[in-house]
Amino acid sequence: MQVNENFEPVIVAFCCNWCSYAGADLSGTNRLNYPTNVKIIRVPCSCRVNPIFILRAFQRGADGVIICGCHPGDCHYTSGNYFTRRRITLLYSMLDFLGIERNRTRLEWVSAAEGAKFAAVMNQFTEDVRKLGPNRRLEDLRCRKQ
Amino acid sequence: MQEAMIKRAKELLADGTVNRVMGWKKGEFVYDTTPAVFETAEELEKEFVCNDFTQANLSKYLIKESRKEGKILAFLKPCDTYSFNQLLKEHRIIRENVYVIGIPGGPKLDMEKIKAKGISGILDVKNENFTLKIETLYGTETMPFYEAVSGKCADCKSKKHVVYDELIGEDGDVLASRRFDMVEKLENMTSQERYDFWRGELSKCIRCNACRNVCPACTCENCVFDNPKSGIDQKAAADSFEENMFHIIRAFHVAGRCTDCGECSRVCPQNIPLHLLNRKFIKDINSLYGEYQAGADTTSKCPLTDYDTDDCEPSIVHERGVE
Amino acid sequence: MQRIGVFVCHCGTNIAATVDVKAVAQALANEPGVVISQDYQYMCSESGQDLVKAAIKEHNLSGVVVCSCSPRMHENTFRKAASAAGLNPYLVEIANIREQCSWIHKDIASATEKAVVLGKAAVAKVHLNTPLTAGESPVVKRALVIGGGIAGIQTALDIAEAGFEVDIVEKEPTIGGKMAQIDKTFPTLDCAACILTPKMVEAAQNEKITIHSFSEISDVKGFVGNFTVTIKKKARFVDETKCTGCGLCTEKCPMKKVPNEFNMGLDNRTAVYIPFTQAVPKVATIDPNYCMMLKNGKCGICSKVCSVGAIDYKQTDRFVEQKYGAIVVATGFNPIKLDKYDEFAYSWCPDVVTSLELERLMNAAGPNGGTLLRPSDKKHPHTIVFVQCVGSRCDDEKGKPYCSKICCMYTAKHAMLIREKYPDTEVYVFYIDVRTPGKNFDEFYRRAVEQYGVHYIKGMVGKVSPKADGTIDVQASDLLSNEQLHIDADMVVLAAAIEPDKTARPLATMLTTQMDTNDFFTEAHPKLRPVESATAGIFLSGACQGPKDIPETVAQASAAAAKAIGLLCKNSITCNPCVAHSDELMCNGCSACEKVCPYGAITYQDKEFRMPDRTTAIRRVASVNPAVCQGCGACTVACPSGAMDLNGFSNSQIMSEVDAICK
Amino acid sequence: MNKNEKDWIDITSGVNVRKCMRCGKCTATCPSYAEMEYHPHQFVYMVEKGDIEPLLNSDSLYKCLTCFACVERCPRGVEPAKVVEAVRLTAVRKQGNNHLIPDQIPAMLDDDMPQQAIVTAFRKYTK
Amino acid sequence: METFTYYPGCTLRTKAKELDTYARAAAEVLGISLVEPENWQCCGGAYTTATNEVSTKLSAVRTLMAGKETKGLVTVCSACHNVIKQTNYDIARNEAMAVKVQRYLGLEEAYKGETMVYHYLELLRDVVGFDKLKEKVVNPFKGKKIAAYYGCLLLRPSKALAMDNPENPVIMEDFIRAIGGTPVIYAQRNECCGGYITMEDKAQAAKRSGAVMASAEEMGADMIITACPLCLYNLKKNSGSDMPVYYFTELLAEALGLKEDGNE
């Protein structure tokens, strides 16, 4: 596989307001680096993330999509992340079934205390997506950047 | 069979139990049958049909019909009763307004498969001891019955009626089908092979919406793909992405609700095996969250609106099969 | 046409050092709908807010985007400013260019580029924002305090004082907690019991306070102002309403060899017991692990001697359900187990004790009646070595990474008390650092050294070797003289690290509050909201939030009470307007949303609709109770038709952000 | 201060000497304390400062028994014995700097001494 | 009968024959088959903790590779055990080292710590079981107060050795109970005997081993047992004490009634 060293992937991270977004803030407070490629969208709970949003991101030019939520059992809304886990497991399985690269999507549990984990996860995910190269299998050619 | 059905329908119309009958209507050709509502004994006599080609699932029509004045009689094959039950669970059909008569199911025949044998000018098809006698403009042809069985019936999951008011003919059992074989075959391919397979199939999609319109799980008052407010409304599959998007989201919206009736693939004019997407979800749900058959009852929780605190993580997708 | 104002904050140099804020403001000025784009030193300052307010009025803005720190910091500040200027507060969006940009990136060019994208996403979102009005929900005028130590007692007393009903739930048979076990308190050396027990009695006698002792929380439902809690009242096999606490049963109980947990297992109690004389409630409890009647049906003496017939061997756990407006967590701490620190011979030498064990050994109500004697041979110790930081400040899996905070002071107290009572006893304290930041704390420690002649040695003990003659060889280092020392000691006292109570973790899960990696409850803001959890209506009192001494605990307990009272004073609270709503025209009535709603906020009704073809149809449609909905959004994804949407985080808003980021 | 030498010791030991909180537990527990000119905590502190020369020339290098008591008991996971070993390797890897040479061996032996002692001493003292 | 690879090590062939022969004899009785690899090499005696030194780890890796074919690799000498277990622990966690070793040894595949390493005592505890051992004892050490001497190599570093609680171990005490003796707990049981320092500083070795023996004697021990030839040497030769010192395998063989046969 060709690896373009200069390829800078676009990565969309959906973070739940209570744990993961706070975890992202903590990694900021602790000045823990992760790549600028990662752009965070705040959602109240990981269960707010509609599969449509994920596909939309790929359509519009994202190369990787990651969803972060509270650890199972710690959801601010008691059960939201349990629904997330089922929905996203099935969605990822379907994307895999359609031949979309597995490493373009991820779900991670990051608590408000895990600033270091947040940074580590983002570093790793960016690296994994960078290795995959640009998203070609699930892009909308009309949205391709020239 | 057809005669028994017409007879019973006329009785129920006559005694006022129902004021309409939902069944299938004869067309120009023997294989050309359409779902229809009959209001009189005369109409029934003239146009009602039930034969090897009455495949269409009638359940979906009952959403609207059950909301009309009076009770309607519906003839449901085993697979149709699953859809009917699922719609009851979702409060889409008003049960009191439907009188269900369970009738035996298939195997029904697929005209395309007969035509594929090079047989044309078909006038009539008769099943004699599992050999098809086909009357054509050019004489009589024969072929083995099973070679003409429709795809949806070949993988039949159940001959059991899960809901009915009365039965004509005998009730059957849930079958041990091999319906997941093809899904498994795809799972064992490499990612690239799967991608190529689905590109090959989905690129044929002309976005006629037949799959959606026939699907008894796609019953939204207003589909997200038709609603400009949803932000994903599309009229035509103008890009390969939209082919993917439409079918992924459709499969996702019916996940845990699809009874695997097979109508989507049956009606697809491009012969895309759309049912494989739904079966992939069914297979995943069965293996990850426990066996579940949508429509088998009206009380169990749909796997996507339910959870277990020990559910597997999505990483399981990465751990199995081949990349 | 939208009229959007963009305000880019420098945050001093916090943002401006790595993000070219002027360039961000300029880039965003060109976004559609943006009519003004400014930057300023401190946007959250009064003059910064005035800038925003003036711009709203001057340009008649329809939306505001502030590029600044995390919305978790100042979203409210800017919403209030907008409101003051006549703009609906929910037309304000924050682009987080500090925590999620300037603080984590070093390269100015790429950080600026990212900040612009984040700004664009916020602008794209604000285009679709709609004015929202918050609803109201009633407040149940009753508080729950979980934990009946000094923190819980103080909080309950303060809340009761303000006129509200309070329930204390304590897992032990009596309230009092750790403080009841302590002999004297620093830095005043007054008797712990003398100041605690009156408070315990006060709590018991206060009409507004209900004490559920020997009870646990088994379920929590609901939300701020309206929690429903199930309390498990564990079977104590004694009818609380009948028992007079006379103690006759405990005298007559033949099972006398039960390790006494109140005295840290240093002596024994009976199977039916009252933990200590001043217990509240003063009611006996039968320990089913030891009671012969409960184990094999033979005995029944306590039942025979009880004159009021309070003994009930058939008692079972009972569950009580109660509604509360506010919950205060006061679950406290425990010393860690020392089985991983056997270089100090704790597991196999009885004369090596923890500080809490020493408290009991020195306490008048303790196993030796207040005379300090060695546990092994009940002889008077002449040399005592104290070891600090056992399990604290550890960077390994054996101990805790934090400073336990209280050990330096209680060790000084112990050393001083011993030297005062037994001047012939030499006391050595091995320390890494002596930490005494508190009122009169360092003076106290200095007194131990200067007046009482306690030997403080900077260094750590490496090995404790009990010897055949009953003495203990303590091998340690004296870092200041660069020497290895051997001290022939009679007793060794270990300052064990403290950790949150084990019940805290499952409780946090029930309360949906957050904990740090050490299982301490996380406060809503480390500086500005130290006694609130991030979950509305849940407050933190005492050591469950971090190591604390008694004065700090009491201060925080009262602070938590004040916060809870502030909530209970209100008849209703303003709800979060970012709640779900259903588009009835699109709703199928399929109940998918109802099934995933954790709050039961969704109900259905049959409604008549005029259809496009001028007919009417009756359809079952969902409606959301905005006072009950907490805005998680689970329903929006469960809904296949897209009828459910969430205010403030609508489908179109999130997709517009996605588009802006991916562009 | 020799920065290269310090870096090399850091790499060889794999120890982050900055984690030390100066409690002295390593020295408190060291069985060779009395024989050493520089004690375990000093090894850690001096390596941190880059003050390595005195260590390289000290006999203390050959007094450490590698008994790992300090490693086991260090509350910060600093592993002083590995620091001592890294400094010792720095010393003996230098040309002509072997602490034990084969010619010395016969005089040290007695009938009962296990060869384990000889091979171990060679590992520790010689390169 | 379960088969394990058995690595004796240099000293067990010469000065510490008792440690070796009795271990083998007892294993047979206890239903364990010990297979010695061909052409084994000395482990080096001490583990080099340096992260950038590969050559001193090669022989241990060769031994570990030999253990791959059986249920595990058994050693009885504490020093061999320490070196091999530490090597195994580090190579499993250090990919770069594993690759370097692979290149040095010309292996097809890198060795990444797959082999299970047992000390003979662990074999008794985890495979045989002390209960089962107890059943097989014919000459119990009734009334004998026996001090277990662990020294440093058997327990530390506990992360890698993972044998027992490094500060309050029980494995040898349980062994003593199994053979009918009474264990004596004393503080110096996990402190160093002086080890190789005996080569050039007899005084230091005398001080250390003297302290160990004094500590055990003070607590009333009749004898002391060890698993290490160097410990045995120091305790016997340098401690100045005349309390008997044995290898634990000697006592094991005697308890199982094998010693008379061995002496014949």
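Note that the chains take the letters A, B, C, D and E in the order they are written out, and that residue 1 is the start of every chain.
Assume a contact is a pair of C-beta atoms (placed from the backbone, for glycine too) under 8 Å apart; a residue touches a chain by one contact, two chains touch by 3 or more.
Everything numeric in this text was worked out from a predicted model, so none of it was measured.
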Mutual neighbours - chains that touch chain A and chain B alike: C
Pieces of the assembly after leaving out chain C, positions unchanged: A, B | D, E
Chain pair, B-C or C-E, that carries the greater number of C-beta contacts: B-C
Maximum centroid distance from chain B, chain identifier (CA atoms): D
Distance from the mean Cα position of chain D to that of chain C, given in whole angstrom: 46
Approximate Å spacing (C-alpha centroids) for the pair chain A, chain E: 51
Whole-Å separation of chain centres (CA-atom averages), chain B against chain E: 71
Distance from chain C to chain A - Cα centre to Cα centre, in angstrom: 30
Multi-partner residues of chain D (at least 2 other chains): 34, 69, 72
Touching two or more other chains - residues of chain E: 167, 191
Per-residue multi-chain contacts in chain B, two or more chains: 224, 230-231, 304-306
Contact pairs between chains, per stated definition: A-B, A-C, B-C, C-D, C-E, D-E
Chain D residues touching chain E - in the complex, by the definition given at the top: 11-14, 31-32, 34-35, 62-63, 65-69, 71-72, 79, 81-82, 85-86, 89, 100, 108, 110, 112-124
Of chain C, residues touching chain E in the complex: 339-343, 345, 347-348, 463-468, 473
Interfacial residue positions of chain B with respect to chain A in the complex: 183, 186-187, 191-199, 224, 230-232, 238-242, 244-245, 248-249, 251-252, 255, 277, 280-281, 284-285, 288-289, 303-309, 311-314, 316-318, 321, 323
Footprint of chain B on chain A - complex, ascending: 51-52, 55-56, 58-59, 72-73, 79, 82-83, 85-103, 106-107, 137-142
Complex interface listing, chain D residues touching chain C: 19, 21-30, 33-34, 39, 41-42, 69, 72-77
